[in-house]
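Note that the chains take the letters A, B, C and D in the order they are written out, and that residue 1 is the start of every chain.
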């Protein structure tokens, strides 16, 4: 078995060209491929299209995010469920560039985003959903009734790359996610031509129970081990620090 | 407003709306105030919490000692799992929503209207916004409860005859909890079921952009 | 936690009314809910719609199948990927009734069938697929081009009931399937209003790893334990006897 | 036909088509003859077998002693898993197919034509049929190889100028293995690359319903 394991994050993102479309997984902290995003930031590709849940924030703890890529004007287009921060007072680089017309920002309901990606990974070019009907986000789109209810047609999303983070991977690229790390990861891995994975642990082929594998290795092209992760998070989870309650 | 009038705390609002959850319900709690509800679930009832990220069956918010970076709710906050917990991916999490399995989605909002409309994703004049899962939840859940402050920072009403902001969904809101009371949109007015202690119906009417109709058995908000 | 476990197969299928639509999982032997099908056969409901991969065969080893339900004229309509046996010499009851016009048999490509069920479970009323374009099975259906390729629109399938077989279940209805037992089971469980499960083993709530659960208990209404199964198959697998090779 | 002419056995046909699999290919083997290929995979190449029921990475057919009722291929026959194996549900198994991840689908057929059409799901005059996964596989896989007997039980040709049976898909067949040789549909004819030992091109032409064009380097079928 040829191994898909590469030696560094740099190697994992090698060859990402200007103009590439990139799915970036994660919901909050869990399952966010911070290391691959940082490697992409250093790699230099520009005119990117980013597809993710949100991509606005930059951080003050040194962790490189999609927000940094956007701030550096390396991103031409985003498709997101959040294109602005929830608090108008905390403006993100994306918002400034969006207001200045320097980036194309497509906003889409989160379930529609997830289903468009799932459709892309499933070879389904388009489907109908009730989400957003009667709102400005579905204006100009095709609507149709099924069973007396109105739905809007949405088209699939595929991309050149997906950036994925998992708990365990084997060298064939079979992936296991832990708890809410799963989120967009399995569907994004299916929708990309080239799926790049950062894994907290890489194990021998044959040691993962086939019934427990969340993403089949046939969807994965490159896997890289996160140094010093060993099943733990190498980056202090910001959301955890901010929101976990101090209770007795 | 009397001297003893004080708007309800966020915890009280969350606790009051959580008291509405019926035994066996599957509930989604939106980002912001709604996620607080998981700390106030009625102990005599079994309520299954569903999050957009595919966590089904989570429980209360985690303390710093309990928190792991692997388990977060729809607001990306660390939570604990209950014994019935299971995990699905994001597309399946929204499959559950669209399929109609949620008994209620509790959402935050900028505005809501007597006709059951609400707006929670974009402020007028601002480019971009944050929809998150709200549009899917609003049309998928059997009921939509809102948790919001009764007025803006500038003292303007958030409960209106018609929304002024771009809508999240039309005619779906069934219950509204604010820091002044518990309301039910009726089409042309808000029926006031419960009122914050120390406030009168007139107080509330003055801070509301639509007619307020107190129910005959109007009472103070209590948990 | 209220338990969803019921005491018998009879109890599990109680209340299935005449005219019900029923998804029946299984692909070959694995994941086929033989016990629930037998209970349904004894229960007596008629004018049923059955949705499954295939439903033709009757067996000579005493195992009751959908073929017996069809033979007994209890089925008004089927939606299947196989409406006739592969060998014209072995005619099934379905074929005789279909030729006589006594049953409505809709044939659909297997992937379209799976996706229609998945769409039903996902609240997606319709989608586009390339399967069957240019063949007689998509005649009269709406076709449309996306990206220069022609697709056909297919509508979702939901049903009143799903009959499911799993390896392990807990009393909340969380399910784990073993190997190719999975097949149609998870998507059918999602697409039914009332999902009935026969489980080879029932375990305490909290003992199944949340990451390993294939079907969430929120999709499941009733679970029944297969007596004397204990993780093994209580019915001799016909396909196994027939096809496994006798090699040294 | 000489005395030594004997049609190829099913195992030989399966082995010859399996020899076409390239290193790294993802392959689906259809019900019937094609599933035999898993016993003849080239040992110097890594081939991943995919089945409609969601088993990815299965290997050879199981012996009675090895078989378990939990692992079957697309023909519902017991098989063994390889170390890279993973399992998905039926909808995801076909997502893989439609997404275009399969390098080849090897299918059985009643008929095929020089224009790359084939038919394998319904016999004329018969009500109903068996499509299985063939229509999805035929339009999803990068290539379609067929494995079929060269003639019907009545001696009529199965390789034709145009199919007479309802099509499974149009213009998708890239290689055809019969018990008389290895053929490539070219649009108007079948290019004959390899021929069963003891048969002449004329022998094959007489049993074929479309023009046969032998390649200049025509050779005997060998594994």
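Definition applied: contacts are C-beta pairs under 8 Å (C-beta built on N, C-alpha and C of every residue); 3 or more make two chains touch, one makes a residue touch a chain.
Here the structure is a predicted model, which is why all the values come from computation and not from measurement.
On a Cα centroid basis, the chain most remote from chain C in this structure is B. Distance between chain centres (mean CA atoms), chain B to chain C: 38 Å. Inter-chain centre distance (chain A to chain C, centres taken as mean C-alpha positions): 34 Å.
Remark: chain A and chain B have CA centroids separated by 28 Å (rounded to whole angstrom). Across the assembly, chain C contributes residues 115, 122-124, 129-130, 177-179, 182, 210-211, 214 that each touch 2 or more other chains.
Counting partners per residue, chain B has 81, 87-88, 91, 94, 97-98, 140 as the residues that reach two or more other chains.
Under the contact rule defined at the top, the touching pairs of chains are A-B, A-C, A-D, B-C, C-D.
Across the complex, chain B is touched by residues 1-2, 121-124, 170, 172, 174, 190, 205-206, 208, 210-211, 213, 216-219 of chain C. Those residues of chain B that touch chain C in the complex are listed here as 24, 26, 46, 48, 50, 56-57, 81, 83-88, 91-92, 94-101, 140. Looking at the complex, you find that chain A touches chain B at residues 27-30, 54, 81-86, 88, 94-95, 98-99, 105, 107-112, 114-115, 117-118, 129-137, 167, 177-187, 214, 233, 237, 239-240, 243-247. On the side of chain A, the complex with chain C involves touching residues 115, 119, 122-130, 144, 146-147, 149, 151, 155, 176-179, 182, 210-212, 214. Chain contact summary for the complex, chain D toward chain C: residues 31-32, 51-55, 61-64, 66-72, 75-78, 81, 87-91, 93-94, 97-98, 122-123, 126-136, 139-140, 166-170.
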